[in-house]
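Starting off with a structure, shown below.
Naming follows writing order (A, B and C), and every chain is counted from residue 1.
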Amino acid sequence: MSVPLLRAVDLKISFDGVLAADGVNLDIHEDEFVAIIGPNGAGKTTFLNLCTGYVRPSAGGVFIGGREITRLSPRQITRTGIARAFQLPQLFAEHTIYENVLIAIAARKGFWSAFSTLSDPVYAEEAGALMDLVGLGGIAHLRPVEISEGMRKLADIALAMALKPRLLLLDEPTSGVSASEKFGLMETIVGALRAEKVTALFVEHDMEIVRRFADRVVVWNQGQVVATGTAEEVLNDPYVKENVVGVA
Amino acid sequence: MIQAFIPLLVDGLANAAVIFFVAVGLTLVFSVLHILNVAHGSFYAIGAYIAVSLNLWLVSSGLPPALSFVSLVLSAAFVAALFGPLMERSFLRWTYGRPEAVQILVTFAIFLILEDLQRIVFGVQSFYQDTPMQLLGSTTIGEVVYLNYQLLLIGLAVLVLVGLRFLIGRTRMGKMMVAVVADREVSETLGIRTDRVFVLAFTMGVFLAALGGALASPTTSVAPGLGAEVMVLAFAVAAIGGLGQIEGAALAAVIVGVTRALAIYFAPEFDVVVPYLVMLLVLLVRPYGLFGKVQARRI
Amino acid sequence: MPILVTALFLLFVALLPIAVPWLQFVFTLALAHGLAALGVALLLRAGLISLGHATFYAIGAYTTAYLSTHLGVTDFFVLLMASVVVAAIFGVAIGAFMVRYRSIFFAMLNLAVSMIVFAILAKFYGLTGGTDGMRVAAPTILGMELERATFGRVLFYSVIGMLVAVLILAGRYLQSPLGQALSAVHTNEVRLEYLGVSVNRVLLCAYTISAALAGLGGAVGGMAIGHVVPELAYWTASGHLVLVAVLGGIGGVVGPLMGSIFIELVHTFATGYASGAWNLIVGVALLLVVFFMPQGLYGLVARLGSKKKAMS
């Protein structure tokens, strides 16, 4: 059994007396596509925040590839190979989508290339390839405010992918996207991730998406992992049905 | 040794009282309107100029000198009435929702305009009018001589502090201000006339600055450049206390006033630098000021 | 397009004094301030308002004055380089803790530092000449002493030459990832951190460069006037730099320079008619720019240029 790509051990944190993480234990292995489901307020986003250094746990640890990253800053954690895509797409509003991607690529390569300009061919090639992978080619010259939410989500993911991460954490990738676009969006995302061999952990509320795309499902409730297994196993589990999903 | 120090301490506290007026006005405007008014110090100066002019006229016209106290307050009220609503409705209203740089530039532009207006209206010579201070005389306790006017200043500052706290905590207008400070949009949906709250808060701020200037005028000479000096000092004190914190401004004013008094006694070369050193030190340890509140970022 | 505007502007600045000789001094000073304003503009791109940038202008000016008057170092190039280096060192030192702050706090702390520097310059008579200030001994070029008038000319054209280099380098900097990161910091700092970028390091780099620019400006200003005073560091001087930067426009590197030249021209003409109301005029001008021309002079020119292109 190889070292898990991501391991959380007994994570605990509370906010103003609410236990957002109450002893969370979880392993994610390479090439897995793991969905996290659970009711609102169960602590799913908190878990992502704990893994990416946005908050520090009061107890427990997070490890990537065996290396402890619990107390590192988001910047340092990003450098270990974990990237994050956000529920509300976090883009640079005054730059075009193409420029956004360029900045992300430059960030990965190291910013201390002060005498190269962003229009250098070395960036252009990579940016073009990435945008094609994610399906953003047509809107490259537009600003974030000028495109649809779905496109913004893709752009957000493209930024994360530009870092060539080992693990990508996605916070509700299809939320805010119209029902007709959801599946297409997820297909694009999963296709891109598989092509680049990126392991992914995504928080999702839409059970159809979960059923279709997740290798494994982890169920959250009240700050804890309460069930794990394939989508079928988990969604047919009576406890899960009653407490988390609602009786179907 | 301590005999020499006490007058310095009283001096320091009296200065603290004056700077408290200005700083608390600045901090109030910042907390309600989210604007840092670079022209705030100018109102202090204009308040001083008008108070001095009024008192010079008063004395020369043979009216009872006791009225000079009234004229101090009247001057402040006049400045507030003249500039408060005018500036808020016209210039400031336009800047709401725009980037911070714009707000700072607009108030800086108004500062520049007011600087020259002062020069044009009052000239470049310095004024001095100390009737109120003379009238009150001095008291001797033990071997130390206290200037009663300074004691009055300190008393008034305490009164203003208590009054503001009462206003904000107990009156309807005060509670509306607190609501607007907490969340402008929600307050509007609750039916609070935020535009009225803004005008009132800003005018109060101007009044407090002008009051500081008027009350200080009997103790010092009033000359061009006063506004600029006071502005940056009030900034420092408000920042030390935490922007938007009334008690913070009071505590910061006392700290600055007392450390300045100490500096004058022990290291006279440094007394001007003291407020800024204190500000640097405080902000290094507590980036939001002594009583300032951290604003969490949401993603 | 920007290159054309910049070239035309520099030609205008370089050639006009041939026709109107007394403008040479005015322009030299304007360019000196413009350099410092360019520094302010860099930080404005990141959404940071440096209300204390006059600190570095003053440091550059006083370094030049001190070296030339007290230490007998009069070589023109050495003085300029020393001022830039000293200003940059202070920039790194002050910037190191300054970049942890944003918006109002950044502005205020810079203000505080500038007032401390002002007070130090005004108080330490022995070192700085106190409120009287310090003289700047006439610089020598390659060992040669020059007449005042000749030196003035040399200074002016050297500044223009330096400006060309500065503008090219600044332009490249702003096109580089480091420079583009500045406005990215402004729009989404958290995202940058999540891309593995140290925002504080990006800002420190910008801060140091902007301090160096201001130091260069201060050295030139000191040499032009021949005298330096503590008022160079007063907070209103910093305010003027911000004004010039915004007036000129931060969209292009030449913007702040344009703003500075414009303001100096207005100043020169205003002194003839309304010398007591200089602040008033500047204040009104600033309000007009903020209300009607938020992109500044540079933005105006750029818009006119693109309209022309669209029409032809």
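Rule of thumb we're sticking to: a residue touches a chain if its C-beta (ideal position, glycine included) is under 8 Å from a C-beta of that chain, and two chains touch if they have at least 3 such contacts.
As the structure is a computational prediction, the values presented were derived from the model and not from experiment.
**Q** Among the chain pairs here, which one is joined by the most contacts?
**A** B-C
**Q** Can you name the chain whose C-alpha mean lies closest to the mean of all the C-alpha atoms?
**A** Looking at where each chain's C-alpha mean falls, the closest to the middle is C.
**Q** Could you put a whole-Å number on the gap between the CA centroids of chain B and chain C?
**A** The answer is 32 Å.
**Q** Provide the C-alpha centroid distance between chain A and chain B, rounded to the nearest whole angstrom.
**A** Comparing mean C-alpha positions, chain B is 50 Å from chain A.
**Q** Just curious, how far off is chain C from chain A if you go by their C-alpha centres, in Å?
**A** Roughly 44 Å separates the two chain centres.
**Q** Would you give the residues of chain A that are in contact with at least 2 other chains, written as numbers and ranges?
**A** 90
**Q** Listing for chain B: what residues touch at least two other chains?
**A** 299
**Q** Multi-chain contacts only, two chains or more: what residues does chain C have there?
**A** Only 190 qualify.
**Q** Help me check something: in the complex, which residues belonging to chain B touch chain C?
**A** Result: residues 36, 38, 91, 94, 99-102, 104-106, 108-113, 115-117, 119-120, 228, 231-232, 235-236, 239, 243, 269-270, 272-273, 276-277, 279-280, 283-284, 287-288, 297, 299 of chain B touch chain C.
**Q** Which of the residues in chain A come into contact with chain C in the complex?
**A** Against chain C, the touching part of chain A is residues 52, 73-75, 78-79, 83-84, 90-95, 99, 102-104, 106-108, 111-119, 159, 162-163.
**Q** Write out the stretch or stretches of chain C touching chain A in their complex.
**A** Result: residues 172-173, 175-181, 183-184, 186-188, 190-198, 201-202, 205 of chain C touch chain A.
**Q** Using the touch definition up top, name the residues of chain C that touch chain B in the complex.
**A** By the definition above, chain C touches chain B via 44, 47, 49, 51, 97, 100-101, 103-105, 107-109, 111-113, 115-116, 119-120, 122-124, 190, 234-236, 239, 242-243, 246, 276-280, 282-284, 286-287, 290-291, 294.
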